[in-house]
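Pasting a structure here, questions to come.
A, B, C and D are the chain letters, set down in written order, and residue numbers restart from 1 in every chain.
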Amino acid sequence: MSNTFGNIFRLTSFGESHGAAIGGVIDGMPAGIQIDLDFIQKELNRRKPGQSKLTTARKENDEVEFLSGIFEGVTTGCPIGFLVRNTNQHSNDYSNIKDTYRPSHADYTYQQKYGLRDYRGGGRSSARETIARCVGGALAKLALQQLGITVQAYTSQVGNIRLEKPYTSYDLSTAESNDVRCPDSEVAEQMTALISEVKAQGDTIGGIITCVIKGCPVGLGEPAFGKLHAALGGAMLSINAAKGFEYGLGFAGVTQRGSEQNDIFENQNGVIHTRTNNSGGIQGGISNGEDIYFNVAFKPVATLLMAQETVTLDGTPTTLTARGRHDACVLPRAVPIVEAMAAMTILDYYLLNQTTHVKK
Amino acid sequence: MSNTFGNIFRLTSFGESHGAAIGGVIDGMPAGIQIDLDFIQKELNRRKPGQSKLTTARKENDEVEFLSGIFEGVTTGCPIGFLVRNTNQHSNDYSNIKDTYRPSHADYTYQQKYGLRDYRGGGRSSARETIARCVGGALAKLALQQLGITVQAYTSQVGNIRLEKPYTSYDLSTAESNDVRCPDSEVAEQMTALISEVKAQGDTIGGIITCVIKGCPVGLGEPAFGKLHAALGGAMLSINAAKGFEYGLGFAGVTQRGSEQNDIFENQNGVIHTRTNNSGGIQGGISNGEDIYFNVAFKPVATLLMAQETVTLDGTPTTLTARGRHDACVLPRAVPIVEAMAAMTILDYYLLNQTTHVKK
Amino acid sequence: MSNTFGNIFRLTSFGESHGAAIGGVIDGMPAGIQIDLDFIQKELNRRKPGQSKLTTARKENDEVEFLSGIFEGVTTGCPIGFLVRNTNQHSNDYSNIKDTYRPSHADYTYQQKYGLRDYRGGGRSSARETIARCVGGALAKLALQQLGITVQAYTSQVGNIRLEKPYTSYDLSTAESNDVRCPDSEVAEQMTALISEVKAQGDTIGGIITCVIKGCPVGLGEPAFGKLHAALGGAMLSINAAKGFEYGLGFAGVTQRGSEQNDIFENQNGVIHTRTNNSGGIQGGISNGEDIYFNVAFKPVATLLMAQETVTLDGTPTTLTARGRHDACVLPRAVPIVEAMAAMTILDYYLLNQTTHVKK
Amino acid sequence: MSNTFGNIFRLTSFGESHGAAIGGVIDGMPAGIQIDLDFIQKELNRRKPGQSKLTTARKENDEVEFLSGIFEGVTTGCPIGFLVRNTNQHSNDYSNIKDTYRPSHADYTYQQKYGLRDYRGGGRSSARETIARCVGGALAKLALQQLGITVQAYTSQVGNIRLEKPYTSYDLSTAESNDVRCPDSEVAEQMTALISEVKAQGDTIGGIITCVIKGCPVGLGEPAFGKLHAALGGAMLSINAAKGFEYGLGFAGVTQRGSEQNDIFENQNGVIHTRTNNSGGIQGGISNGEDIYFNVAFKPVATLLMAQETVTLDGTPTTLTARGRHDACVLPRAVPIVEAMAAMTILDYYLLNQTTHVKK
């Protein structure tokens, strides 16, 4: 179970890397939202393999087919079924891992938990599953658009190369103009060079994605356990290869005094705002109307195009060199996935917040 | 809503800082577990105010009363209601914040979301709510005990003072021997000194808690959205003042190559283990049998015993100096809360995992 | 688990017949609702034992204490903890059933499922658990009141004695004027006589409760699985001793032709209504603005004050004659419970319906 | 929302009558279950239109395609996506109802709730949605088979024609040998004649389906709100056209005395059983090991091939005569749907029951 995400707006996803299709059902999509299919396909294309030299060579069209819930271009409030066919499987690439556990992959844990596994391309544990998230996220974005809420993520660190300034120092709209999705073109080039270097070695590298949500009204979040940042954190950590989450000042803020970190309330032209935003737009688990921003840490991709020691299913030591087509760094393609999870979370909590009072 | 935590083992909590009581209902507690009331009270005492010079002077006995679900000392499988009366409220300490928003507190967001708030001591947003979590966690620990699973947290950083080595370098059982709950007595003294210094200034300081789960079997975790670390992360981020979560190598690992970070599988006397444990005991969202470890970042306490600018409910600028009794650093008292959330999460996922196969 | 009812408005209940207390937590109660404590206590008194000669002689004050979520008489949107102490336990009345399974009670199934049971007064399976429902229902009614929605139930059948006409033929407000809660005073007397007769024999009798919900707007209900009548049915069937549920024409309607049963739409002064209401106010699982009405069947109480054959825990045949204080017919006291479950369901679905569209 | 059914074993369904496809995702299917595709297709064929003279002439192959979660013929524990393409839509049959509300259909309530509706063939409110339930039910049956649990339903009443004896008097395996699915061939003929007669008049007729579950172990059911019969009742009432549910003696039992209805416990060769089974296999909300049986009432189909008064969307009176292909009686095709909902409920509660105790 637990292939369902969300409370009111809910995505249930299915699909394996080399099965027939990846897809899902979106339930709780608000009725009456105009559906822009081009926009949705563009969102999907942002995570597509083969879109640049930085990403895996696997070629997939990743065309989404909607099966229900949309009538004459508008959402009906009924569940939206969708699927993306897998077309470019090279399943025999994976025959060598049928009986071998790839280091730092999910092979061992799936095998132990379920007693069997679809080993082809990692099966369900493959990041191809995130296609469903991108579709859900694209729909959520269409609903958020009507509310003036935007979600924008970008690569802020690859290996040791990172943006030194906070998100407010950059024009985030430029992030999409380079393959690595970093809003500083010079840093982007350095990141690209690093990824290329690592890739040439058959190795991989990690990094950090920063996400910014603007236009979010005051009031989203459901304490105690449904704090908005807890929901965002849980969502982000469910993305493949994610290893950490922090919002506002996050880990760096632990060295500060309260007198440095507290955000002073001010009256700005009749609206209460905070002078600084160290809180990251969330106080007491509830959005306060300021920008929400957070970081997600991603580990280096586990699949290496170099020999690694490991064991077979029965525990015999062996050596494995991956075949197949793999990313040397997930960051560029993870940017739209971070956005998708954020958009779904925000819409879900927006809808939940509509239940705080009875309305005639 | 969202005052319920968990899927099978579920804690529903209630209560405000200065209301009649804090309490909750634990549903899904396995039947047949022997209840050690002394142990539970001791766990509660670990988070109690006034237990050392480092913590708030508020004196509360925090005695838990169980109301159901336990019969002749054994859990019956029926819901366990419990409460802890609030006895030492000084509500008039808070009359000055009735009409004022405390910086970086939840006053503003609660007022805006709900249209009113119990301002006394922060009401529902007070960390007194975590009493319920400690009770839930203590019960979960009693069940985990039978399975040989232990959960141990400790303070690994306060401000700039931190443990430099990984958890495996310390005897974690010594953490409880000092007020700050740090397993290195020298570092503990430095932390204590820092907190005292900060407190004397009327200021506050943040820090990091590390948690280690030992004895967890392979197989806990429910991909895609119920990955074990996503559940742990969501749980930790729901704790008051938490700003970040990372497991395994976490944020530090983003600078590594895959060839450095991957955990090689080995056959150790017939059992498959990983040579290193950079994965933090979780791979593909499922526990792999190694130790699970993670960090939680806490911001400095928002309540300062010094003057701060802010605004009133109607936006008029004002200055606020907190009265009342407050911690200068939440870390020491947050250690048992981190453990409690971890124990509840692990037990919940242990029970969920019992549904992976049908058993005759 | 499953001691939680509802989706947005959620009651989590706890407590056993002879434990310390019955209570619960209400989460998702809308903020800003004025709380009328007298009204709530009156609702509780309607289900109280000992209120008339027809009911058990057990004397309980059943005074509810609220522990959170209400501030200065108004709901805050935070969870509402409450409890009712058990004060009049005669636990030694039950020592004889410690090792014996009472026929048609839950003794056997609880013992088998959980491996142990609190046998005193039926423990968790006792209808004293419905106290928590009545508190939740009273709160829900206070919210529904603001929306002009009313919920009214009455006893429509006891044994073979029944009201022959549909609910529209009676002044339902008169139901509370007699002990049996039937809106026809003559029939009420016959019912009362029957219950007294049965009681004198140490026997028990079943019956039917009818419930009518007026003022419910169009649009409540969440197909496919959350149809409003499915939610109401599930709610009613969760009441102790309930054996059946039907809405609109229900079972009687199966003999009709579609041309008889269909409800014709009409324009009544600019508002679309149905000419008849065989649908019971729900079409396609969604309320249509007409009165919602349904029946709940209750079996005769299982506890008899006469000798019955049975077996002990180890299967030895024995004979059991109940001691203790018991109702000969649950109907009169079940009326407020049916209302409570209906009120909670309607409020829950009202709030859910507020998420159908995004609202700026 | 609420297009998801179940707690552990969960079906999320999607699709409209005249959209691209009906389908769903099954999450929580136990791992390691052998999948018999022929069996699943046969189950689907039992609800297929056009299978006999009694059912609608709409011709659909209703071939299910599985998209995930099954590997080499065995379930992997990962979500099972599936779909059935709609191929025989005659959407222009429905152009006349675009602006008109069909009596006792969901047109009006959907339009009011969502602000728009897919009017073609009833859209989401069409019983074609139950295809997804039959697929889910077939999978559940495959898991239950391994546990020796069987689910069998049959038509026990059509209009005034009914089986007079309890289920134990019939050989239920013969039910499938006639079009109406009644285990008494003579009564089946009378039912068939009645349906044909009603159909010739352009009218429709209701009826009752009885369902029997054998082999269910003691212990399924989660009081208080998750009583097994409450779950079954909620499940059955979510089926299109269902108007009532009763289990055990149900409504008929309300006229009995407790001394008549109570089920005496007996020791039958070392196993505790009840002498009678008026409880319907469930006591205190938990299965007691006896056969579970219940009835579901279905109203006459709302679509009539005769003129009916109604109004248009703007309230103008009009007359409507249905075109299209419709059943005169849903009972025969609803039998497999009742079984499917029962099988999913039982499997779900079987898995839930596996969490009652911790198991090493």
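Going forward, contacts are C-beta pairs under 8 Å (C-beta built on N, C-alpha and C of every residue); 3 or more make two chains touch, one makes a residue touch a chain.
Computed from a prediction, not measured in an experiment: that's the story for all the values here.
Contact with chain A and chain B alike is made by C, D. Comparing the centres of all chains, each the average of its CA atoms, the largest separation from chain A belongs to C. Looking at B-C and C-D side by side, the one with more C-beta contacts is C-D. Between the CA-based centres of chain B and chain C the separation comes to 38 Å, rounded to the whole angstrom.
Centres computed as Cα averages put chain A at a distance of 45 Å from chain C. For the pair chain C and chain D, the distance between C-alpha centroids works out to 26 Å. Within chain C, the positions touching two or more other chains are listed as 1-4, 8, 13, 28, 31-32, 77-78, 113-115, 124, 223, 352, 355-357. Per the touch definition, chain C reaches chain B in the complex via residues 1-4, 8, 10, 12-16, 19-25, 27-28, 31-32, 65-69, 71, 74, 76-81, 83, 113-118, 123-124. Those residues of chain C lying in contact with chain A across their complex are 8, 28, 30-33, 77-78, 143, 146-147, 223, 347, 350-352, 354-360. Listed in rising order, the residues of chain A touching chain B in the complex are 1-5, 7, 13, 101, 103-106, 108-110, 112-115, 124-125, 129, 157, 159-160, 198, 203-208, 218-219, 221-227, 229-231, 233-235, 237-238, 243-251, 253-267, 270-272, 274, 278-280, 283-288, 295, 297-304, 306, 308-311, 315-317, 352-353, 355-357.
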